[in-house]
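Shared between the two complexes below is chain A, which pairs with chain B and chain C, respectively.
Showing the complex of A and B:
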């Protein structure tokens, strides 16, 4: 069995590299809590290249408007059709709703329309149990951006599994710290990231 | 009347006769073919293409017969031929008429005129006219015979169309109610598409929102129709049954049942495609120097059913890092209905956008179609970005705000140190003095580590070299001692305690930018001293000053080279607690045993070097000893690495040196015959 490689999507528009520490942090959590075989380094993969199809889970984030090129749109469509899972997180805290509007529009065009993911979905019990749905981030509690605590994640589902997971909760800010700093947290806030990876690999 | 005018009148009469005859033959032949086709269709239902070919063939035959008749009587145009035709039928003229119209015998004209004048030729002309009406009568007879054919059959022959099989009612034959099925698809009005009729199709394709009319021959048996397990209403008429419905949203089976037989029809909705939009100009992303000027925007639009309108959209994003603001707008909106292809053009005045350096304009074209059933469908082009560079990146527009390189976050932060110090201060009344001093000194070491990190950043920026503090520790001539560094820093900042620094007019931006860090650096020194003597309460004010200064330094504008930040490699074995500590040297890792004599020599040099510590001479001696030991005792050489790094950084290296010395000592030897306790020599 080959090892899991955490992939971050590079796209032509926007600042795709805005959360550079998230991959290492999630890799650290995967190693810490699971027995999955994990590559010690994440990779950056171009959203418009066929390389994308080598990774079961691809993480996409940014602050600026998301506009896929034709090649990126086609590859995302192929990616989800072949069983890949795209995790999109709004790093902009939904300020002015620009990332949200543009990203959801592009997702709808490439993969399908997003809908509310029920808070008792299998994603929330894939490894750790989150009985109340997606964990709240400090960005939400501090009133950043749209001043909302989002109660649901959004998703596009294909054949009974999540093909695109969309978050307005800004996990990219929440998880963007060096793994070494994790020792100062009373509760590791990256545990939900473990659920996302485990779900993508097992469902 | 003279002979020549009479002859011309006779030619006109004959010409009328020829035309009547040709028309009669044409109509008669064409009608005969249609009659034949109708008789055939009465017996066997002729396919649509046969009937269409028959109609064309009838026209061709009619035209051919007509032309043939005209060709046969083509001589009627020539006056001499008409004269001969008359001479043949009135012999009494004895060729007087023919000779009269011949120019060569003009001199005999009066004599011949007299002969012709006395001759009557109206009878042959009358008979010719009568003969010419015979084909017309024949055509009328054939046309009348068509009436014996049923009108529905005749309509199928004369105006064949798809789906008219239901019109072919034949007496005495009971039709199959499910064959044929005639489907008429009426697309939604907005699409402008034509109505299509299908005969017995296995599948029916149509635009979503189309109206379907499905008909079959009425045969007395009741017909039922079920779509997606839902029964549809069936209307019975005199000669047929009919079901009307709208095209469903998704492909669905439509079952018809009559008298125990079932027929399946699959309905396949076709989705109205969204418009295709190509942004022609600007051709690519670009950087726009200056805040003025205009941009020409052009786009090409296409849609399968028809465009409604189109426009250009822009979003201006301002800011960097975590602080962004956005403005959006629309220009060049234009109605395009009902064209299926079109263009958009507009001019974007950059002044109107009130751009500032660092802003990015995102541009795209958008088009909507006329779909009022499931739409309108909206198509967008690729997005182009126009970036306004900042003034300070004029020499390299490739510089973009990007993620900063990550510092060593394993260090305790200033905020964390303040919290620990506050906690110690609260516990202080309950603790012994030596405990307070020990914990306070431990925090002083952390404070010193953080201060050195600040110094690294500071001196790298100011001088382009590594930490001058470090150089001071090692006694380098170019470096500064901590005290000298403090004095220099104080001189540079010229501050009063607790006051924020202001930039002087003559300072360079680099110095101005780093003043908060210098202030933090000074305050850390003060805090470190207070912690060293076990006074955490006195350390807190400068620690808070340092934190405030660091926060101010963070607000400074920064630019980083755009690119991928260095990936962090997670030490998987360490996280899983399955690795090995690098600072422990098990016996197996040491390799070959050290020669006792060499060990003695190395140990002697090691002891001498340690005696000179912490002076630079001692550090240098250890460095030279490490070089010597690389060959003879590589494990010992490797073990010297860490204490040397610690010494250079001003840290306590006692434990590390002790571990290195242990590698030179002889291994404990076992004695097989160990004497009993108390009997050891």
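Showing the complex of A and C:
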């Protein structure tokens, strides 16, 4: 059985490496809560290379405007057509900010138009239960950025499966800490990350 | 002067000839007493003609000279005439024996396998209600073709014009009432196998293990039941917890597909598996080239158990094998990480991966007899004609009346010859 490898997308524009601790933190959670075979180290994969197709779940984040190259756009299209799932998180936590506007445009060109994902979607019960939909982040609750709680995630679905999952909730900031710090949390805030991975592996 | 011929012996021979001819004529007259008349008919067999014959038969025995196999309705009508004490004989001018079988595979996509047999080398045109489908050239074992879809009745035709022979079969409607069960650990293989089969039209009930005692369950995978499920796919050793149910399901007629590690967790599954192998053949390097089935990692299934059949090989290694298990069938797959074929394959990787898995599942999936074989049409016209009316009667023996003049001549020659011989030697 092949092991799950957490892959972070490197793209030509923007700051793709803005949340370097997220992979290690989610890998730690996967090992902590599941019996999935998980590679101890994540990988960075170029969005425009065929290597992308080796990792059916890819995480993409950043603060800056996103402009895919033609090769990146074509490869993202191929990736979702073949069943891959792209998880995009806006590291800015704002509404209609530069990352949001540019990333959603690029996603629409490459994979299709994003729509609100219902808060009773299977994603929210894939492993842990989130009956109210996507968990809030401390950035939302502390009133940083736009001072709003984003009630829904966005998604592009193909054949009943999520092909692109888009978040404006800034999970990249929420999960960007060393896994050892997790023991100080009353409730592990990376649990929703486990749901994303388990959903990608089972649906 | 004494004659060189032994006159008494000659006369005895002539008398025997005459008596023999007389006996044959008597027997023939008695045996044909009820067949007072017989006509040889060459007119086209139509419903109007048969209706006329049904009320006013043209003769006690109808001898039909056929140029083409009659339609089922005409054939049945001739049988009815025979059962109404009207003799029906037939001969043909070389009606080509042709047969077609249409089998609906247990595949929601509606795949139909057509098998055609007939004269070796004959060109057969296949068509359905919408028009031509394909053409085949028959070999010693006939020919077969697998079609993604057909509309209505499928016809196989040889020749043209009034020499045309056509066999037809109607495959049963698409039956998609059963589900598949997928068992395994959460991972890319289980995800993409389920995706491929769902894209094909199957409803997949799954139980994918995520953590000890925790699984993602979709649909209703248990209890395994041939009334609901067509096949169970056990991808890895996590299926061992359900080994007993899987074995019973297979014995009851359900299909079982075992992944490379699907049989490794339980002795009963190992006993069910076609393969006994264990050598892992490492994949060829994938860098820079699209993945294909030939370049996937492989768990060599050889050696196989005695009743297993290899379906796919790679060199000396067995990649896929099948065997029967009770009323069901078991397939074992040696390929590792087939999802790479879908993701990293060429432009046709998704379709090829989907088609391959669908065909593998269809080869073992439970399908009742009523689901599989066609019921309508006229699948073997000449065979049906022989079954209904008996073998064709060769024209030479068609009418013993043609031998009557010969028999009379023998009779006359014998009697006259004997009389003449006796008179010439002065004996009365």
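In the analysis below, the second predicted complex is superposed on the first by the 201 of 203 C-alpha atoms of A that agree within 3 Å, B and C clash if a C-alpha of one lies under 4 Å from a C-alpha of the other, contacts with A are read in each partner's own complex, and residues count from 1 in each chain.
Rule of thumb we're sticking to: a residue touches a chain if its C-beta (ideal position, glycine included) is under 8 Å from a C-beta of that chain, and two chains touch if they have at least 3 such contacts.
On a predicted model such as this, the values are computed, not experimentally measured, just so you know.
Taken together through their common chain A, the two structures put chain B and chain C side by side without a clash. The vertex angle at chain A, taken between the C-alpha centres of chain B and chain C once both structures are aligned on chain A, is 80 degrees to the nearest 10. In the superposed model, A:82 lies in contact with chain C only, and not with chain B.
In the superposed three-chain model, the partner touching more residues of chain A is B, compared with the other of chain B and chain C. Contacts of A:63 after superposition: chain B is touched, whereas chain C is not reached.
In the overlay built on the shared chain, the residue A:36 is in contact with chain C alone; chain B does not reach it. Shared-chain residue A:21: touches chain B; no touch with chain C.
Residue contacts after overlaying the shared chain place A:71 against neither chain B nor chain C. Of the two partner chains placed by superposition, only chain B is touched by A:179; chain C is not. With both structures placed on the common chain, the touch criterion links A:202 to chain C but leaves chain B unconnected. Once both structures are overlaid on their shared chain A, chain B and chain C have a minimum Cα-Cα separation of 11 Å. Looking at the complex, you find that chain A touches chain B at residues 13, 15, 17-21, 23-24, 27-28, 31-32, 38, 40-44, 63-65, 67, 69-70, 92, 95-96, 98, 173, 177-181, 184. The touching residues of chain C, counted against chain A in their complex, run 185-192, 195, 198-199, 206, 208-212, 214, 216, 218, 236, 261, 336-337, 339-340, 342-344, 349-350. Interface of chain B with chain A (complex): residues 315, 317, 322, 324-326, 328, 360, 362, 364, 382-383, 385, 402-403, 406, 409-410, 416, 564-565, 567-572, 575-576. Residues 1-2, 4, 33-37, 50, 53-54, 56, 81-84, 126-127, 159-161, 198, 200-203 of chain A are the ones that touch chain C when the two sit in their complex.
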